[in-house]
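Structures given as structure tokens follow.
Two complexes, one shared chain (subunit A), two partners (subunit B, subunit C).
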Partner chain A sequence: MSNKKVHEPLFHIVKRDEMTFKKALFIRLLAIVAALLLCAVITMVVTGQNPISVYGTMGVGAFGTARKTWVTLQNVSILLLISLALTPAFKMRFWNIGGEGQVLIGGLAAATCMIKLGDKVPGGLLILIMFVASLLAGGIWSVIPAIFKAKWNTNETLSTLMMNYIAIQLVAFFTVLWEVPKGSGKIGIINQNTNAGWLPNLGVPSFTGSKYLLTIIVALLITAGMFIYLAFSKQGYEISVVGESVNTARYVGIKVEKVIIRTVFISGAICGLTGLLLVGGINHTLTTTIAGGQGFTAVMVSWLAKFNPIIMVFASLLIVFLERGAGEVATNFGLNQSFSDILTGIILFFIIGCEFFIRYKITFKRGGHKK
Partner chain B sequence: MKKFSKLAAIALAAVSAFALCACGSKTSTANGNENGTDASSVKVGLITLHDENSTYDLNFISAAKAACEKTGAELVIKTNIPEGQEAYEAAVELADAGCNFILADSFGHEDYIIEAAKEYPAVQFSHATGTKAHTENLENFHNAFANIFQGRYLAGIAAGMKLNEMIEAGDITADQAKMGYVGAYTYAEVISGYTSFYLGAKSVCPTATMEVTFTGSWYDETAEKTAAQTLIDNGCVLISQHADSMGAPTACETAGVPDVSYNGSTASACPNTFIVSSRINWEPYFETVINAVAAGENFPVDFCGSLEDGSVALTDLGSAAAEGTQEAIDAAKAQIVAGELHIFDTATFTVDGETLTSYMADVDSDAEYAPDHEAIVDGYFNESGEGLRSAPFFDVKIDGITLLDTAF
Partner chain C sequence: MDNRTPAVKLTNISKHFGSVAANSGVNMEIYRGEILALLGENGSGKTTLMNMLSGIYFPDEGEIQIDGTPVTIASPRDAFNLGIGMVHQHFKLVDVLTAAENIVLGLEGKLDIKAATRKINEICDKYGFEVNPSQKIYDMSVSQKQTVEIVKVLFRGAEILILDEPTAVLTPQETEKLFDVLRKMREDNKAIVIITHKMHEVESLSDRVAVLRKGEYIGDMMTKDTNAEEMTNMMVGRKVSLNIKRPEPVGAKDRIRVSGLTVRNEEGILKLNDVSFTARSGEILGIAGISGCGQKELLEAIAGLQPVESGSIEYIEDDGTAEQLIGKDPRKIRDMGVSLSFVPEDRLGMGLVGNMNLADNMMLRSFEKGGSPFTDRKAPYELAKSVVEELEVVTPGISTPVRRLSGGNVQKVLVGREIASAPKVLLTAYAVRGLDINSSYTIYDLINKQKQAGVAVIFVGEDLDVLMELSDRILVLCGGQVSGIVDGRKADRAEIGLMMTKTGGQNE
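Showing the complex of A and B:
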């Protein structure tokens, strides 16, 4: 027994000590370069296209014309807003996977006001009502799982996730209720002729950005606000303490239940605000797919940015750039949409994968060396 | 470690969610076949809801490609455009890129195309299956559709012939001649379609009945497959559909149940069960418009194609079709074109046991679904009739057809 040789595995995975910011950044850049190289090889082998011109086309897709740039910035803003909304909850180790549903419920509240009050109250007041309704709806939707978590310590990952499906079904129900024409399953543009409840365009109509500017400004304000709130306010500090250790928080006299409910309400309310922008400002209709899965994409953005609102701007930009660039590649090279999705998938895989190498290092077995 | 696995789980959830939602931009084919015609100055933009994998969108893409090839017009296609602001963005991007005729193919695109049309008065916009052009009063916004109910009726004759064959062979009794129909929504276009199909079948097989179920989506392969299977389990001996995936035809092929498909032949995937398929052929419309735009002329605000001009077409018969089907179809087709046979002849169906003598249809879209036009003229329901609108508005529930659910 005792003289049996101990088999040493080929390699060990060892947790790293805290890595310097510079070194971590270098690894991430390396990952992006590696991803682009792999994409280039795949592009050449599969399609015979020149990878440099494919990448150039991606840039054109996102920023090729003034309008394309504005749409890109608007899409970045929406993804950024949802990511920012999830962040305070994540920082508190409350896994809010319910962004999608909270956005939808906010959108549903806005659409309800537009349809039911569109011809009853003046424009400015209607928008104010929509604003309050959307924020409250999103907030309440997120607070339901938070109360269960705070009072009975239920698993919020599951409950926030499930709340998404309830929200989607509610929206589906109201879509059928308000569909025009009958049976079509579509609400269509709400108040297309009166524009009642449409959020205002900023600037003169001849300015291309006027349609897109409001969303972008709201996103900038919330980014700055969230950065300050998390880094410098007392409530932001409480969030960090609860996130680090609930017991420590209790010991220093923080009312943990109150912090959980308050933080998650803020999280849901910002999602509700995003729903308002999507329904009242951008699409002017309500569908079950209006959030387009961004409630889930935002989870990744928030994590990629390590919960830092400023880095989140770049993470959202990266994802929206890939998406819009990929679409343009499909258009110009006559490739199927799926090909661009493959490229996006590879790039994201490398970016997420490199986080592993930032946290852990691999040591290989060396012949002869024994401890 | 616990923390890490949680992180990994969330990252995984996020990635898979992203993967699921990562569709949604565009594909395109540029096609500049310059063969000397003056339509080479025309640049056509086509906006489709899905891509070539959807039989519905493929039908548009093929027609646009063929028409552009024939006339020498250039074509840009944006696929996978959702029914939201993205449709507006796609339309204005195409206009910015120099397209002078832009067509969107999905019902939910309409309002967004109207917004784009208001902004680009010099560009001609058209929306297939839409309902608003005749009331919107925009000079550059058009609708287009075709009398597909004529094609459905003829396909129904093929179904009825198949039922007769099964009765004669002793596979089923005359009372068991029950068909199944997979619909998308309880929308007039679908109701008009399944009713004309049923009437076609009934015209040759008087004991035919039909069950209809709805999926709540124009394209949901799983739901359509499940729906077809449910109908087959209910005792339906023949299936047809108005939904855009291969779900129902493949379920039929697996179960060995004869199938009448839609939007194009499914014979290659379903060699043993395919009978026939009706479809709208958009090529004549594309050609008409491209030539009009090239000449700087107007074209119809609300175009309605028919069997006569080739806009309504039937595929070749499949191996499952009964003997004599082609002759029966040809005879009925000649009668329809001659104006002797009206699909919704009120003498051929009843509503709650009564013959329909008057019906106010909702032709002009509004949120109250207010009926606004008398649709019964000269003893028949004037579906998509002159002076009304091209998109179907027949939404009468006739005897002999059972709706299994009406949730959508």
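Showing the complex of A and C:
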């Protein structure tokens, strides 16, 4: 071994054995701590502020007051709903990145019902019609690429992505068509006087959360439902088999085309439902930016949670907390909004990067230590 | 013990994957002008060991010497520079490029196809290869692709050649051709290592054998001083009998009647042409043929997975009523009450789901049963447990993903599930491909038991010796046509080999 000619490479990347859940969790927490430390350093250099107070500001931004907390939870719910919607499709290896458009179309359907039927049908029935319309609209919007995929094996990543832009243009067209007041280019608050088609507030009016509660409850119900659907139902099992291997699915007699179309319909329908909540429950208006890019953020949330609906709750909480907290830091310290993007970026980099260390280990020269 | 300087000397080589020791403390020598057969069961670490020589893995411990000089092989490039070339089990060629382009791919310096073609032709003349340097890979047969792989490593100046199960995809005639080439290389003083499971090949080709078992080096001996039984015992670590039973069929009745079956694949290429035969209960019908001449399509057509152009496939009940299977998918066939099991060639890509655990894989066949929208997890779990016990599947647990099991155990899980439903017809494709001797014999036993239970077995195989020992009748396919059906007890190896290449044994 003392021969000088033997040069060993500095380090090797070695695949790990399957890691225990606890150890993996530890590495992930470590990554978050490391990310927060780096963010602290960067914040300190840029703002000259004490990092503890910066993190304090983030906390205040997200949970400073009861109202802030409720808004944070509502935002978490919306992001969570879209992430849950994408998950069955993702589990089937159908890369639905059309969440943005499916939400918009669901919102457009709800707004259409509110505008066109607001003074024609009674309130309860109107909400029921809106519910059916937005679910169907979101579902149909997602099924169009699914049919192309099932019949001709087209690339769903491209087609669902392109459907987003069609949805945005459609919404833009209708906002101009229905603009109030004329020339403003905006729909404005729909049915402001009658409140027709507005989703109900839950709880007594004096309760701060009553305005936000409906969305949160829907999100929790869908989370539990999706968890059970994927883990225990026959359809959930079919989704896993089709996702893992189309050949195996055919071999055991699963009708692959049917499963693809059914699953993607569910995916789009939940997006449509989210659109309903945004238009009928939260904003009472429709704009092209109502989904606010969350259709794309949800892709990341779903992946971060490894398609597990329960973990998805925490993943969306983390993302929303970062957004709102970093936003507060940016305003308080007179920084521009990109600063919050930088912090979010750093944290995500660490979280996603640590997966590498969960799968591989680095072995240094002989006798060296292991990471 | 040997006075020659070894071309390769491995000292105390170890390699771990997580907690699994793929190789531990292996000492081995490879000499020039010699063909070494490296033997061992699946998972005994043969391929890992050779991968360390060819720069794919880096040993955890130990030393490699080439011609007496210690070396570090950290990448395939290092291996090439040291004159080590490996032909892998799965070819690493670019389909849309020509043979010559594939051969020069990745080489440094100016790209000169003309000069390369000249050099390729020289190599071919020297060793008796038949390669057309300007032919595209996708136009080539499996054996031609393999030839390109071998020429590729020789082109790069390999002096030490490693071949990982090169004959698994070849016909007997192609195998003989390959062996002639290897013998010529031996005369040219090259060092050759061949990994194989087939004992008669070891005996006819190699000069020396080295045996690995469970990652450890067991020993080596001159081929002429040993025999198949001794080698097998060394590999397995105990005595094994090398005879396949062939019980006489009892009460054979027609079960599956195929007539005039014609199938085109997705590209519209004719894969089966007017195929007719009958499979009987309590009988093993072996299917022989070069790989890719219609076996896959035949089994998949019977299983309801392959669209059929014309012809008929009938399932015949005990009372003689016949039912048409064409046009029905696997679910409909099952709903008709036809109990048909299929062990496909692609175990993890078709028969099982690699990322799912044993219980969930058992569920594949049964999950639809019952009216509840939820799956019943208990029955599959129990089935998985009983398969593990009865077939002695080595697994850390029922909840282990099947992809983490070794090839033999994966196959036991698949076969176990397929025979659990007490089938009337059992289709198997390459049931023992890649399996070690021990697992192979377990599978033969299982298939024989099914036969004795009155199941009509259709067994697609690649090892002619096994087909001739196991089958009651052998159907030989050639280019999608039946070139003949012979009696397994009277079949002649050379005759079948000829039928595999020419319909009916006559000229095409």
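A few notes on this one:
By definition in this document, the second predicted complex is superposed on the first by the 342 of 371 C-alpha atoms of A that agree within 3 Å, B and C clash if a C-alpha of one lies under 4 Å from a C-alpha of the other, contacts with A are read in each partner's own complex, and residues count from 1 in each chain.
We take it that a residue touches a chain if its C-beta (ideal position, glycine included) is under 8 Å from a C-beta of that chain, and two chains touch if they have at least 3 such contacts.
Keep in mind it's a predicted model, so treat the numbers as computed, not measured.
Using the contact criterion defined above for the overlaid structures, shared-chain residue A:150 touches neither subunit B nor subunit C, since it reaches no partner. In the superposed model, A:78 lies in contact with neither subunit B nor subunit C. Taking subunit A as the reference, the larger set of touched residues comes from B, when subunit B and subunit C are compared. With both structures placed on the common chain, the touch criterion links A:192 to subunit B but leaves subunit C unconnected. When the two complexes are overlaid on their common chain A, residue A:109 makes contact with neither subunit B nor subunit C.
Once chain A of one complex is fitted onto chain A of the other, the partner contacts of A:332 are limited to subunit B, with no touch recorded for subunit C. Touch criterion met: A:240 reaches subunit C, while subunit B stays clear of it. Those residues of subunit A whose C-beta lies close enough to touch subunit B in the complex are 65, 67-68, 71, 95, 97, 157, 172, 176, 178, 180-186, 188-189, 192, 282-285, 287, 289-290, 292-294, 296-297, 299-300, 303, 323-324, 326-328, 330-332, 334-337, 340-341, 344-345, 348-349, 352, 359. Listing the residues of subunit B that touch subunit A in their complex gives 4, 6-7, 10-11, 13-15, 17-30, 51-52, 76-80, 82-85, 89, 92-93, 96, 107-108, 110-112, 114-115, 131, 184-188, 190-191, 216, 362, 365-367, 369, 395, 407-408. Touching subunit A in their complex are the following residues of subunit C: 17-20, 58, 63, 69-72, 74, 303-305, 329-334, 342, 344, 346, 349-356, 360, 363-365, 367-368, 372-375, 404. Across the interface of their complex, subunit C is touched by residues 1, 3, 5-9, 12, 15-18, 232-235, 237-238, 240-241, 244-245, 247-248, 250-255 of subunit A.
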